[in-house]
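The two complexes that follow have chain A in common; it is paired with chain B in the first and with chain C in the second.
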Partner chain A sequence: MSDLVGYVVTGLGIGAGFALVASGLVAIYRVTRVVNFAQGAFAVLAAMFTGTLLTAGLPHGVAELGGVLLGAAAGLIVGVIAIGRPGTSPGTSLIVTLGLGVLAYAIEVLIWGDQPRSYPGVPGVAEVAGARLQAHYLLILAVTGPVFAGLSWFFLRTDLGKALSACASNRYAAQIVGIDVRRMGLIAFGLGGALGGLAGVLTTPVQQVTFDSDVALIVNGFAAAVLGGLTRPVVALAGGLLLGVAQTLVAGYGGGAYQVEVALVLMLTVMIVQSARTPIAVAA
Partner chain B sequence: MTDVIEVTGLTVRYAGATALDGVDLRVGAGEMVALVGANGAGKSTLVKALSGLLRPAGGTVVVRGRLAQVPEGREMFGDLTVDDNLRLGGWRNGRHGRDTGPVYELFPELAVLRRRRAGSLSGGQQQMVAIGRALMSRPEVLLIDELSLGLAPMVVAMLVAHLRDLHASRGLAVLLIEQNARLALELCERAYVLESGRIAVHGRSADLARDPRVTAAYLGGHVAAP
Partner chain C sequence: MKAAAGCAAALALPLLLPSRHLATFVLLTLAAAVTVGVSLLMGYAGQVSLGQASFYAIGAYAAGLLAVHGTPPLLGLLLAPVLAAAAAALIGFPLLRLRGHHLAFATLAVQLILLSLLAQASWAGGAIGLQGIPRFSIGGYSLTDDLGYAYLALLVLGIALLVSRNVVSSRAGRGLRAAATSEIAAAASGVPVGGYRLAVFALSAAFAGLAGGVYAFFLGYLAPGSFPVLLSIEYVVMAVVGGLGTIAGPVVGAVLIVVLVQVLNTLGTQPGMPDYAPSVLSYAVYALVLVVCVLYLPKGVVPSVSAALHARRR
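What follows is the complex of A and B.
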C-alpha cells in the first residue's frame, strides 16, 4: 500500500512537469495553430541556466526565477522566428520550431557540455501515508497547483487572457475588433516558454537534465496535450498527471525501461481515435 | 458635410483577376447607404479594403473616424460568453472603454443572455451580439456585411428597427452591404449597385427602386411601391 502511495505521489510530481510542458504547447497552439516542437528545449535551457546561476552563488528562488525568465525569452525568440513573418502557415512554423529545437542542442552543448546536470532541490525525505519519497516532489506539486489556478484565472478573468482566447476562438473576428493576432501569438509563445522553463526548473532536482532531455518532455507533453485536442488546458493538465502516474506505476511494478512507451502508446491511441472523429488541424 | 467613407477609383486585383475596378463610393456623416450586388460582385473585397485588410492596386480608401464591422456570418467568439464578446468589441478603447451597459440597454434581450456562450445563441441573437460588439468601439460608421442573411423576416424587421433607432438617436453612419436589395433600398437613403467589380448604378434609393435596370436584376422585376 505504501509503495502504491509513493508511486502515485512521485508520478504526480513527474506528471506535473509533463502537464506544464503540455500547457505551454496548448497555450501556443490555441492562439497560433502551431505545434511548437521547441517546447522541450525551453525546459532544458531553463534548467541548465538555473544550475549555472546556483553555481554562481545566487540563492534558490532567484536562480529558478532566472531560469523561467530565460524560458520565456527563448519562447519569444522562437515565436518571432516561427510566426514573425506575416502569412507564414502553421505547417511551416511547425518545421521552423523543430529546427530551432535542434539548434538549441548545439547551443546547450556548447555552453554546458553534453553531460547530465542537476542541482539540489528541497533536501530530505518526506513521508506521505507511510510512503517515503524525496521531499522535492511535494514542492513540485505545491508550485504546479497554484500555477494552473493562476493560468485559468488569467485566461478566464483578465482582458489579455480573454484576448488570447478570442484569437483561439475566431481569428478573423479578433482582427475585426482590433486585436493584433500576431502580437497575441508572440505573447502565447512567451507564456509557453515560461511554462516549459518552469517544468525544467522544477523537475531537474529529481531528474537529471541533459541537452536531449527535451525529447522525453515533448513526447510526454504532446501526449498529454493531444488528449485535449491541443486546445483544452485542463485536459492537458489531467493528461500530464495521468501519464506521470502511469509511468511510475509501470516502472515500479513492471520495468523501468518502458516509461516512454507508455506515453507513445497513449498518444497514438488518442490520435487514432481522434483522427477518426475530428482531424487535428496542424496545417489548417 | 464631411464624408466618413470616401473611396476613390479603388482597384483591387487577386493574382491578376480584377475584383474591384475603379470603384467610387462615399458615405456622409450620419448617412445610411446601401451597397447592393450579387454574389461575386466584389462586395467582400470592398469590405476588406475598408477594414484595411488588403492593399489596393489603385485608388484610395479614406475612412474618417472609427469604422466598426458587423461581419458576414456574424463571426462570434463562439466559446466565449456574450458579455466577453461585447467587451472584446471595445478592445481598441482600452480598459476603460468596455462598459457594456449601453448595448444591453439597446438590446435588452442580450442582457438576459450575457453569461451564455455566444456559439449557443440563435442567428438573430448572434446578429445582435455582432452589432453590439461593433458598437462597443463607439464608431462613427458601422459597416454591416449581410444583415439579413439566414435570418427569419421577423428577426430582420426587429434588427432594422434597432438600426433606424441608432441612426436617428446617435447620428451613426451605416454602410449596409446586402443581398436583399428590397430591404437595403427601404432602409437606406442612397444606394450603390456593384456589378462585376464596378459601380453600375448609384443614386437615391427611391430612384433606384424605380430604375428598370435595378428592378429587373435585384427586385424580381417588380417596381417597389413608392
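What follows is the complex of A and C.
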C-alpha cells in the first residue's frame, strides 16, 4: 500500500512537470494556432541557467526566478521569429520553432557543455501515508497547484487574459474589437516560455537535465496537451498528472523498462480516437 | 539533357574525390535518397514526418540482422525496403488519419518507441548495438572499399529519384497534388486520397529502408544511437532547403547541408578550437539554415534559383 502511495505521489510530481510544459504549449496554441516545438528547450534553458545562478551564490528562490524569466525571454524571442513576419502560416511556424529548438542545442552545448546537470532542491525525505519519497516532489505539487489556479484566474478575470482568450476563440472578431492579435501572440509565447521554464526549474532537482532532454519533455507535454485538444489548460493538467502517474506505476510494477512507451502509446491512441471523431475538414 | 549531365557528374565524382572524403560521399548520397522520400511525402502528400530515421533504422537493422544470421547480403538488401515499407503501411494505417502537427508528433513518437524497443532488444544487440555485419557481396565478389559503396549508394539514389519522378508524373501523382491543394475537392473527384497517402508513406519508407540497408553493410555496426531524432530532423531540413515537390531539390538540399556541415566541421576541429565546437557548429547550421530558408526562401533553393534563371532568360 505504501508503495502505491509513493508511486502515485512521485508520479504526480513528474506529471506536474509535464502539465506545466503542456500548459505552455496550450497557452501558445490557443492564441496563435502554432504548436511550439521549442517548448522543451525553454525548460532546459531555464534549468541550466538556474544551476549557473545557484553556483554563482544566489539564494534559492532568486535563482529559480531568474531561470523562469530567462524562459519567458526565450519564449518571446521564439515568438518574434516564429510569428513576427506577417503572413507566416502555423505550419511554417511549426518548422521554424523546430529549427529554433535545434538552435537551443547549439547555445546550451556552447555555454553548459553536453553533460547532465542538476542542482539540489528541497533536501530530505518526506513521509506521506507511510510512503517515503523525496521531499522535493511535494514542492513541485505545492507550486504547480497555485500556478494553474492563477492561470485560470488570469484567463477568466483579467483584461489581458480575456483578450488572449478572445483571440483564441475568434481571431477575426478579436481584431474587430481592437485587440492586437500579433501582440497577443507574442504575449502568449512569453507566457508559454515562462511556464516551460518553470517546468524545467522545478523538476531538475529530481531529474537531471541534458541539452537534449527537451525531446522527452515536449513529447510528454504534447501528449498531455493533446488530451484537451491543445486548447484546454485544465485538461492538460489532468493529462499531465495522469501521464506521470501511469509512467511511475509502470516503472514501479513493470520493471521500469517500458515507461517511455506508455506515454507515447497513450498519446497516439488519444490522437487517433480524436481524429476518428472529428471530420476531416475540421482536423485539416 | 540536364538529367544526363547530372548523372555523368555524379558518376565521375567518386573517382575524383580524395579517398578520405569518400565515406562522407556515401553518407551524403544515402541521406539524399532518404530525403527524396521525405520531399515526396511533404511536397506531394502534404505530410510532415519527423520519424523518417525510424524507417532508415528498420531497413538497416533488417539488412544487418539477416546478414548476421547468414542470409546472402543481396537478399538482405532487397528485403530491407520491403520490410520498411511494410512497417510504414502497418503504422501508417492508423496514423495517416492525423494531419499537420498531430502527424509530426505521431511520427516522432513512433521513432522514440522504436529506439526504446531497440535499446531493450537483446536479439538486436540492445543498447550496445549490432556488431559483425559482413561486407556486402554478390556471389563470391565482396564489396570492401569505399569506392564500391559510393557507387552502390549512387545506385540507390538513382532508383529513388527515378521512381519518385515516375510517381509524380503518373495518374496517382496528379491525384496526390490535387489532394495537397484541397483534400475534399480531390476526394469528391474520385481520388482515393487515403490510399494514395498510405502508398506514398510506404514508398518513402522503402527509400529510407533501402538506404538503411546500404548503411548497415557500409559501417558494419548498428546501434540505436546511430538513428537519433535529430537525424529525422536533418532529412526535413534537407528537403525544405532543397525545395519541396521538386526532383532535384532533395539532392541539392542534402549536398548543401552536408558540405556546409563538413566545412564547419573542418573549421571546428582546427587546433585551438574547443572540443565542443563541431557539434555546436553543426546544430547551429541546421537551425539557422532551416529557419532562414523557411522564412525567406519558403519554396526552397531549387525552385527559387530556377525561377530566377527563367526570369533572366526572358
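Criterion: the second predicted complex is superposed on the first by the 278 of 284 C-alpha atoms of A that agree within 3 Å, B and C clash if a C-alpha of one lies under 4 Å from a C-alpha of the other, contacts with A are read in each partner's own complex, and residues count from 1 in each chain.
Following the convention adopted for this analysis, a contact is a pair of C-beta atoms (placed from the backbone, for glycine too) under 8 Å apart; a residue touches a chain by one contact, two chains touch by 3 or more.
This structure is a prediction, so every number in the text was calculated from the model and none was measured.
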Partners on chain A (chain B, chain C) - clash or fit: fit
First, second, both or neither for A:K162, with chain B first and chain C second: first
First, second, both or neither for A:I176, with chain B first and chain C second: first
Superposition-derived comparison: chain B or chain C, residues of chain A touched: C
Chain B versus chain C as contact partner of A:T88, first or second or both or neither: second
Partner chain in contact with A:L141 - chain B first, chain C second, else both or neither: neither
Minimum distance between Cα atoms of chain B and chain C in the superposition (Å): 18
Footprint overlap on chain A, where chain B in one structure and chain C in the other make contact: none
Residue ranges of chain C in contact with chain A within the complex: 48, 50, 94-95, 97-102, 104-106, 108-110, 112-113, 116-117, 120, 183-184, 229-230, 233, 236-237, 240, 276, 279-281, 283-284, 286-288, 290-291, 294-295, 298
Chain B-touching residues of chain A, taken from the complex the two chains share: 159, 162-163, 165-166, 168-170, 172-179
Contact footprint of chain C on chain A as seen in their complex: 35, 81, 85, 88, 90-92, 94-96, 98-103, 105-106, 109-110, 113-114, 212, 215, 219, 222-223, 226, 257-258, 260-261, 264-265, 267-268, 271-272, 275-276, 280-281, 283-284
Chain B to chain A touching residues, read off their complex: 51, 53, 69, 71, 75-80, 84, 87-89, 91-92, 95, 98, 133, 137
